[in-house]
Structures are given as structure tokens and as C-alpha cells.
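The structures come next, written out as C-alpha cells.
What follows is a pair of complexes built around chain A, which joins chain B in one and chain C in the other.
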Partner chain A sequence: MKKLFGTCGKMIIGVAFALLLLSCLIPFVLLPLMGSYSTEELMRQLPFTFGDKFYENTKTLLEGNFLKVYLNSILVSAGSIVFSVVISVLAAYSVTKFRYKGASLITTFIIVTMMVPGQISTIGYIMEMRAMHLTNSLWPLILTWMAHPFTCFFMIQFMKSSVPTEVIESGRIDGASEPRILFSIVLPFIRPGIATTVILLFLWSWNSYTLPMLIINNNDMFTIPLYVANLISEFRFDIGGRMAALTWAVFPVIILFVIFSKSFIKGIASGSVKG
Partner chain B sequence: MKKNNAITLRGRKMQMGRVWPYLFVLPYLLCYFLFNLFPMLYSFYISFFDWNGVSPKTLVGMQNYVDLLTKDSLFWKSLTNTLAMVAISIPVQVGLGLLAAALLFPMKHKRAMESIMFLPYIIAPIAIGAIFANMFDWQFGYINEVLSHLQVISEKVYWLQDERWAFAIVVIMQIWRHMGYCMIIYLAGMTSISSEIYEAAKIDGANSVQLFWHITVPQLRPMTVFLVLTSIINGLQLYEMPAQLYAGSSAASGGPQFSVLTVIWKFINDAFGPKMRLGYGAALCYILFVIIVAFSMVFKKLTAEED
Partner chain C sequence: MKKSIAKLLALVMAVSFLLCACAQPNADDQPGQESPSGSQTTLAPSDAGNPDNGEKVTIVEWSQGEKILKLKQEIIAEKFPNIDYQYVLVNNNDYLTKLQSALATGTDVPDIITVEITNRGAVFDLDILENLEAAPYNYDRNELFDAVIPALTNSRGELVSLDNQFCPSGFAYNRELTKKYFGVEEPDDVFALVKDWDSFIATGLKLKEVAGDGVYMMQGMFDLLELLVGQSTHEFIDGDTIDVTGRYREAFEMACKIRDAGVPLGNNEKNSTTWNAAYTDGSVLFFNHASWSTNSCIASNDKEQTTMGQWGFCMAPGGGWMNGGTSIGIYKDSPHKDEVWQIIQYFQGSVEGYEAIYDRIGWIPSFEAFYEGDDAPINNDFLYSNWFGGQNICKYIYDNIGVGIAPYESLSTYSTVVTECFKDTALQFLINPQMTADEGLRYMIQSIQMQEPNATVK
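Here is the complex of A and B:
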């Protein structure tokens, strides 16, 4: 009897968990599913199987400036990743592998500033970008990631735990210059850490919406989230087109996630557990 | 002469050696000052002015702060909304994450399930908002469609137009987005618990529920502390998902009767709405900042005392 109760309980838990898993998948089926119908069809009858209008919906998007928007998003993410990673690696190398007066102070500063919510700088940042005449470019969306405390903190952690100080010392004894030590000795050690920060920065910059919405008002400088949000307010009832656009917005994230899911998950877990 | 040269060369090299660390850290500090710290201080400065970004600034002193805290009932509404959302969603998302992790941990082929649970976390909040807006649309939404098919409801429900339902949907979105993240953190924590503790307890005759409550949960305490604290900080900044639920219908800003208006949503409306009250918005952000710092400090203190 007790055993029967146990198996029943297990089954209930199993079913509940399966439902939870399913709930995580539904939206990702829903996007391409609804994106493959015209809005008229969707209004008539909600579908449960895929339709044949996905190509058509995408074509309508491309007739607008969707391609330009997509390119903007790629540029913003690539720029943010490159600058932020390089700057963070340099700073992390400096504060972890050199002994000088300010090193620990700067480390504390980076950790403390990690807690500061971004919104308190929003208004000042927008005014600054206006004063620098950058609001008509993609720069404001890249510059905001340049000194990112979390990225830098993550690199510091990684640098501390996985780069042995001895190899750096021996490099210095051999007379290698500091940039050379960084590039040919330190870099190979921190490659997994860099991979994780690249993925995180991609995720953040690709999905970012609020700051771009407040700064960018030129259609040609829109990124994907902005474009989709505008699509919703402009053509309230083009549900099919909107879903197709969202499918394309989510697509690269899913692909990257499928390819890198291991270091993705590992990185996020280790970064936060250590913090 | 030759010797002299060598000495100065070596001296220069030594000097360069001392310069390198500063040179390496300089770009970060410079960028932080330019694109983070300066804008923050400038926002703080603006918070003492009445300014729309175009006409000249008028110094109002603490008036923005005083007005927000004493006169602006909508600010209090947004704050209580946000706090309630955080208070309800955190226990559920952390609990579900823990349960899912406990279920998955002993399984051998868990990568696929792990990844599926994590999917909602990597998707743009704006996409999640749009998906939920679509699912709960009273006219074209799947929820109404399915529920009326199953004959659970006889007529379509106005989910997003009802105060309580709207609030519940925002909480569900928040939970749904973060439970996989909580699970991943817990799974990482579980790998660091040594199996010896479990073995010892099993020999003492503990069943799996007892093992879970008396070993797993206490051992995962650091992860729980981390998750709750970061969830509070992130939850207080909730904006994109609820705002996207009502995208396109500007009249519904904040949802029905402002039932899902969050603090940041209020900030965006005040600072970048038709009136452009930049000083007022900046003050609002600083109040939120103080609340976040207070929460973190109290929380740190509470957890430190228990340890």
C-alpha cells in the first residue's frame, strides 16, 4: 500500500514536471506557428498546425527595413562584445596579477558598482549622448557596455582562479613584454571565461530594449527589440507579421544556445555562485 | 658609454614595467567614469531641478523627492505593485527551481531538459511580453480558445483587462522566466555537495524526503541567498515584460487601474512621457536606488547573523 502511494506520488510529480517543461516550450512553438499564417487566417481560427505563410510574412518584413534592423542588432552586439571583453580582460589582468597601490581599491570599486541599478544613470546618459551628438548612431548602445562591472568582476574571478601566477613570473623573467605575456601566456588560460562573457554580453545586448527605446528615434538605427515593439504599436493587428519578426529575433539566440548550451549554463552558474 | 646606455635602457624598461598595470586598467576606469559614473552624478544633479530637457532648468531643491513621497499616490501604487510582484514571485520561482533541480539532479541524461527549462531566461523580455499578450488576448488568444474548447469557461475572459488577472499574469511571467535560472544555480550547487553526507544519512535510515529537507536544502543555502537577493534587485527593476503586455494601447499604460504599473514603468512615463519631467524621473530612480541598497543591506545583515 505504501509502495503504491509512493509510485502514485512519483507519477504526479513526474506529470507536473513534464507540464512545467512543456510550458517552457509552448511559446517557442507558438512564435513560428502563428508566424506561418496571415493575420486574416489567425483571426478566423487559431491554428494548431503549421501554415505556409511564414515565407510571405518574412518577405513583407524584408520589404520594410528589417534587414537593416537585423544588421544593426548584429553590429551593436558585436561592438559591445569586443569592446567590453577587451576592456574587462585588461582591467582584470591589471588588478589580479600586478601588485600596486590602487589594485584592491579598484577591485572593491568594481564589486560595489555591480549592485548599482542601471536606471539611475539613464537620464544623464541620454543627455550626455545628445551633447556628444551620438543619438543618431548606434554608438550609445555600444558605449553603455564598455565598462560593465559584472563582466569585469567575472573576468577577475576567472583570472584569479585559473591563471597561475608562476607562468606569468617566468614570462617576465624571460623578458617578455607585458602585452606579450597577456596575449600569449594569459589568454589561453582564460579562453573559457571569455567564451562565457561573450555569450552573456550577446544575450544582454541582443535583448536590450529600454535604453535603445529611449535613445534611438531614427527608424534606420532601430535594433530588433525596438523594431518588434514598434511593429506592435504601428500595426496592431498584423499578428502574423509580428510573430514572424519575433521568430527571427529569437532564432539566433536559440541557435547559439543549442550550440553552446554547455558553457552557457556552466558559465552562468559559476559566475553567480562565486559572486 | 655603452654601460650607461644599458643602464638607462634597463631603467626605462623598469619604469615601463611599473606603468603597464595602470595602462591596462585605465580604459576601464575611463569608460566607467564617462559612461556610467558621470551620467549617474548628472542624473543626481538633475533630480534637484524641474527640467524638460529643452527649456532652462529651474532649481527646485528637494521638491521632486518630497512630491514623489508625499503627493504622488501613483508612485506609491507602483511601488506596492512592484513589491507585491517580487514578494509573490520569488518564493514560487525559487521553490520551483529547487524542486526541478532535485528531480533532475539524479537523472543521467538531463542536458536536454536542463536546456528546455532554461529557454525562457535567454529570450528577450519584450518577446515574452508579446507572447503572453497574445496568449491571453481575449479575442485571439490561445488560452481562451483552449479553455472554451474544454468547456471550462462559457464565455471569453478579459484576462488583461481585469485588475487581478493582469497582476497574476505579470507574476506568472516573472516566475516562468526565472524558474529555469534558479534551477541551473541549484544544480550547480548540488554538484558541490559531497555524496558522503548522503551516504551517512542513508545508513542512518533517512528517506529521500528527509535527505532533501535536512541535507540538500541547508547545504544549498548560499545559492538560495544569492537567488533571493538578485531576484529582489532584478524584480524591483521589472518593466519590459509588463509594458509589452499592453504595447500599442497607450491608454492602458500601467494596465487596468494601474494594477501592473511598476516603478520603472512609472519612471519611463514621467521622464519620457509627453511632459518630459526629467528631474522628477531622476529623483524617482534615486529613491528606487535607496530602496534597493536598503534591501541588500538588511538582507546581508539578516543572512550574516544567521551564519
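Here is the complex of A and C:
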């Protein structure tokens, strides 16, 4: 009897998880599905099979400057990731593996800056970018992620728990230089943490709307969220086109997650436990 | 070693690529011109050229609706070789936030300030627009229809903006549907069905009987309320006192009466997907329609032109009302106010300038000269004439609705908040089919009071 309940319980839990999984997957299936129909067809009924208009909808997007917009988004996300990972790794290495006055103060400062809501600092940030004559470029969208407190904090926590100080000291005893220690010894330990940071930064910078909306004053420098927002207001009817645009927008996110998923999960798990 | 060099090179290339792609515009480049990579180098007014040196000056406008902006760009390039007109697409929902942010940070405020009717109170209140009646512009407000002046003047009574389009409205209807359900299709015959609100209710009930479920008189309570509120304009904001009850009660009560009588109304929120789809799916008989709606609502929702030639236009029960609209003004600190004024004078003040907009977009202006004389452009067909089976709806709108239409209400600091709260209340009516007029009023008063605690809202 107990065994039967156990089996039934497992089955119920399995079905519940399957339903949960399905509900998470449905939007990802609906996007390309709806993007493969014309708006008129979508209005008649919600389709369950793929149509033949995806190419046509994509062509409509390309007739605008979607390709340029797409490249802008890639550029912003790639730049954000490169700068932010480099800075957060260096900051974390310095704070966790060197003993000097003010190290804990720096960590506290990073945590405090995390508490400040982004909206409050936006105006100041735009003024800063203006003073640096960077407002008519993609730089403000990249620099905002460069010294991001969360990525630094996450990397500090990760490095504290995942990189044994003894290994670094062994390297020093063996005469390795500090850059050599960082690149050859520390980096392999923190690879899952870097993967997690990469994915999170990519998601944040890729989907960022408010800052680009406020700071970008050139249609050719639009990123995908801005483009989609204006696609909605200009072609309010073109649901097929909008869905095709969103399909292309989520595509890199999915690819990136597939590539880094194992490290991502490992990174999240490791970062959450103090060793 | 080779591997390390390759990695280093890849890194250098990636960084170079980033630096190149994100680079600041070259100081030698002409502002606003295409860079070799195809991107426009800058749209900042402060970077624009100097007209005294014979350089092109860049004039920037933020707006939505790329079709009209492209048309303006083409015309300006041809008509004003000294001006490089550039536009930035800004969603109307973001316009005010973006403008306020630009003003606060001192970055790239556009030379031309475009304002939707819903934002006008808030934008005029920022005090960033030139008084167009003062020197050197000396615009004479008598050139405009009296009805539009309250919506173009700030709280000091200064004329700071000019209309992009004149917006008297009536009903657009699908001739095939009226013929199918009522056997009539000509505007006068269709108007007879809805000549007053009692006739509208009777026609609605007959439609329910003949067509059954799934066919509606209008797209929903939102559109009905918008119409009724638009028809009953009168001043209701006096200093810090907002008389919501006096202003909206009559409209709310009539809307509830129509709904409770059983008139079939759709369940579409304005500008939603289903609201837009209703233009082509044969589910709705009457649509609120101004001259701008043909381009923005009918043609844009019917890409395959399946309803071309099937539309008709008639008066709505209770008369005409002003429906939406955008206006433009000159930013006070623009370095090129003269050039902006040249553009505004051409499009907002000359028959020649507006004719292209009428021809290609189907808008009509709010200055009288456009309608005077036998050879007035309003007598000619325009791009969308064939959508209405040859009926010149622009002329119809002007002759039957525009002349003598009730004026807009004066704008105040509270106008934008009141409009937003009205939209929210209309949405509540849509969500809750049992909501009474009193409940609607209470909801709206509370919403306004929450956002404007210092105002007296009654």
C-alpha cells in the first residue's frame, strides 16, 4: 500500500513538473509559430502547426534596419560581457586573495552600491556620459554594465568559495607571476562562475529597454527592445512581423543558455554556498 | 606560443572592432550625414551645422509614425536644401519620460517638440516652447479654427504649438455589413440608423436580433465612452479644482444606458490586437474615425487591402467631437529656431506644404486657407479616397462636422493626469460590465486624487 502511494505520488509530482515545464516552453514555441503566419491568419485562429510566412515576415523586418539593430544588440551585449567579466574577475581576485588595508571596505562599498536602484542613478549616468561626449554612441549601453556591482559581488562570493588560497600560494612558492596565477590557476576554478556571469549579463544587456530608450537618439543605433517597441507603434497591425522579430530576439539567448547551461547551473549552485 | 599570439590578436581585433563600432562621430563629418558604415553619425541639435557658413543645419524631431516622418524628410530635402531634417522614432508612451530626461540632463532635446493631445498639458507645463505669436514668428491665431486654439495654448494663453491635423470625427462603417444587416449603405441612409442615441440603441438591438452573437455596433465601451466624453466638452478644471462629476457624469450615464439596454458592444481595449483586427474581420459596424484614422487604423490594419472600397463615413449620434491629434512647437533653446519655423510655416501654415500631406496621408489641417476657393485641395481626391468608394471623407468631415465643432477644453497642469485616469476608468468599464456610472466616477476621482493629492477633485 505504502509502495503504491509512493508510486502514485511520484507520478503526480512527475505530471505536475511536466505541466510546469510545458507552461514554460509554450511561449518559446508560440513565438516562431505565430511568426510563421500573417496577421490576418493569426486573427482567424491561433495556429498549432507552423505556417509558411516566417521568411516573408523576416524579409519585412530586414527591409527596415533590423539587421543593423540586431548587430547593435550583439555589439552591446558582447562589449558588456567582455568588460564586465574582466573587471569583476580582477576585482574579486584582488579583494579575496590579497591582504591589504581597505579590502573589506571595497567589498562593503560594492554591496552598498547594489542597494541603489538603477532608476535613481540614470539621470546622473546620462549626464556623466554627456560630459564624456559619449551620448551619440553605443558606449553608454556597454559602460553601464562594465563595473556592475552584482557581477563583482557574485564573483567575490564565487572566488571565496571555489578557489583554495593554498593552491595560489603553491603557485607563488613555485615562482609563478600574478597574471600567470590568475590565468592558469584561478580561471579554471571559476569557469562556472564566469559562465553564469556571461549568461546573466547577456540577458540583462540584451533585454535592457529604459536606458537605451532614454539615451539613444538615432534610429540606426536602436537595440532590439527599442526596435520592437517602435515596430508596435508604427505597424500596430503586424503581429506576424512582431513575433518574427521576437523570435530572432530570443534566439541568441537560447543558444547561449544551451552552450553554458551546465556551467550556469553549477555556477549558481557553487556561488550560493560558502565553502 | 603561437596559440598565445593568436589569442592576443583575437583580443586586439575584438577590442578594435568595439572601438570602431562605438566610435564617436568624426568632427569633420557633416552632421546627420551617412557614415561609410551606413549609420547616421549624430542627431544632436547642438552638433548641427552653422547656416551662416552655408552649412546644412540639422533639425531633429522625435515622433512615432515613420510614414509621415519619411514624407516630411523627402519634402524638406527638396524644398529646403539648407536643412537636414532627421527624425528619431519614439513610442508615444515613452515620449514624455524621454523628453523630461533629456531636459534634466541637457542632452539632445529635439528642435521640434511633437506632442500628442494626451501629453499636451504636461509638455506645455514644462515651459520649453516658443511663443509663436511673439517676434520673430508673429503668427496670427486668427488663421486657425477657433475650436483648436485651447489645445494649442499654454496656461498663460500663449500659442506655443500648431496642429499636425484637424480632428473632427464621426463614424466609419463597413458598407457590406450595413447592407447585409440593414439593407443600406449610403451615408445618409446609414446615418438615419444612428441619427440620435435612441436610434443607435434601437439599431443595436436589431443588429443583435439579425446577426446574433459576434457582431457589434462598436469596438467596445472604451470607444463609446471616448465618443461620449468627446461630445460633451466643457471647462471643468479651475485652478486646483477638478470637477470630474460635472464633466463625466452625463457621458458615463449614457454609456451605461446603452450597455444596459443590451446594445452589442465589443470587448476590445483601445489599440489592442483585437481592436485593430476588428477593422478587417467583419465583427464591428461603426468605428470612431477622424481624418488621420484612415491611414493609421484602416489602411495600416488591412495590409492586403481586402476592405478597400467597402468603407463609408457618416456623422455619429450626438454630433462630432475632436478625436486625438498631434501638434508641434519650437524648442526654446534650439540653436536653429529660424529653420524650425521655416518647416512649421511650410507644413502647418501653407496650402502648398499641407497639400502633400493631404494627398499622401489623408490628414486635414486646422487653418482655414486650405479649404477656401473652388480649387481648394480639399475638393481633390487623396491617396485613400478609393477606400471609401469615392466618398471624399475629408471634405465631408470638414463640411459636416468641422465647421462649428465644439472647441477643445483648455489645457492645465492636470490635463494629462485626468486623461490617463479617464483611460483607466474606461478600461474598468470594459473589464467590469456591471460597473455603474457612479462607481466609474468614484473610481476616476480616487485615481486622480491619488496622483494629484494637492488638487480638489470632486
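Miscellaneous remarks
One rule holds for everything that comes next: the second predicted complex is superposed on the first by the 222 of 275 C-alpha atoms of A that agree within 3 Å, B and C clash if a C-alpha of one lies under 4 Å from a C-alpha of the other, contacts with A are read in each partner's own complex, and residues count from 1 in each chain.
The rule is simple: a contact is a pair of C-beta atoms (placed from the backbone, for glycine too) under 8 Å apart; a residue touches a chain by one contact, two chains touch by 3 or more.
Since the structure is predicted, the reported quantities are computational estimates derived from the model, not experimental observations.
Using the contact criterion defined above for the overlaid structures, shared-chain residue A:Gly79 touches chain C, although it does not reach chain B. Once the two structures are superposed, chain B and chain C can be ranked by residues of chain A touched, with B on top.
Residue contacts after overlaying the shared chain place A:Ile239 against chain B and chain C alike. Of the two partner chains, chain C is the only one touched by A:Asn219; chain B is not. By the touch criterion defined above, A:Lys68 lies against chain C but remains apart from chain B after alignment on the C-alpha atoms of chain A. In the superposed pair of complexes, A:Glu178 makes contact with chain B only, with no contact to chain C. Once the two complexes are laid over each other on the shared chain, residue contacts for A:Met146 go to chain B alone; chain C is not touched.
In the superposition on chain A, A:Ser137 contacts chain C only, with no contact to chain B.
Touch criterion met: A:Phe28 reaches chain B, while chain C stays clear of it. Judged by the touch definition given at the top, the superposed model places A:Met127 against both chain B and chain C. Common to the chain B-facing and chain C-facing surfaces of chain A are residues 43, 122-123, 127, 214, 229, 232-233, 236, 239.
Considering their complex, residues 38-40, 43-44, 68, 75, 78-79, 82, 122-123, 126-127, 130, 133-139, 142, 213-215, 217-222, 229-230, 232-239 of chain A touch chain C. Contact residues of chain B toward chain A in the complex are 16-18, 20-22, 24-25, 27-32, 34-46, 53, 96, 100, 103, 111, 113-120, 122-128, 130-131, 134-135, 140, 142, 145, 176, 179-181, 184-185, 187-189, 222-223, 226, 230, 233, 236-237, 239-240, 244, 247-250, 264, 267-268, 271-272, 278, 281-282, 285-286, 288-289, 292-293, 296. Across the complex, chain B is touched by residues 13, 17, 20-21, 23-25, 27-28, 30-31, 34, 42-43, 46, 86-88, 90-91, 93-95, 98, 100, 102-103, 106, 113, 115-125, 127-128, 143-144, 146-147, 149, 152, 178, 182, 203, 206-207, 209-210, 214, 224-225, 228-229, 232-233, 236, 239, 242-243, 246, 249-250, 253-254, 257-258, 261-262, 264-266, 268-270, 272-273, 275 of chain A. On the chain C side of its complex with chain A, the touching residues are 14, 18, 21-25, 38-44, 47, 60, 62, 64-67, 87-94, 97-98, 101-102, 104-108, 271, 273, 276-277, 280-281, 300-304, 306.
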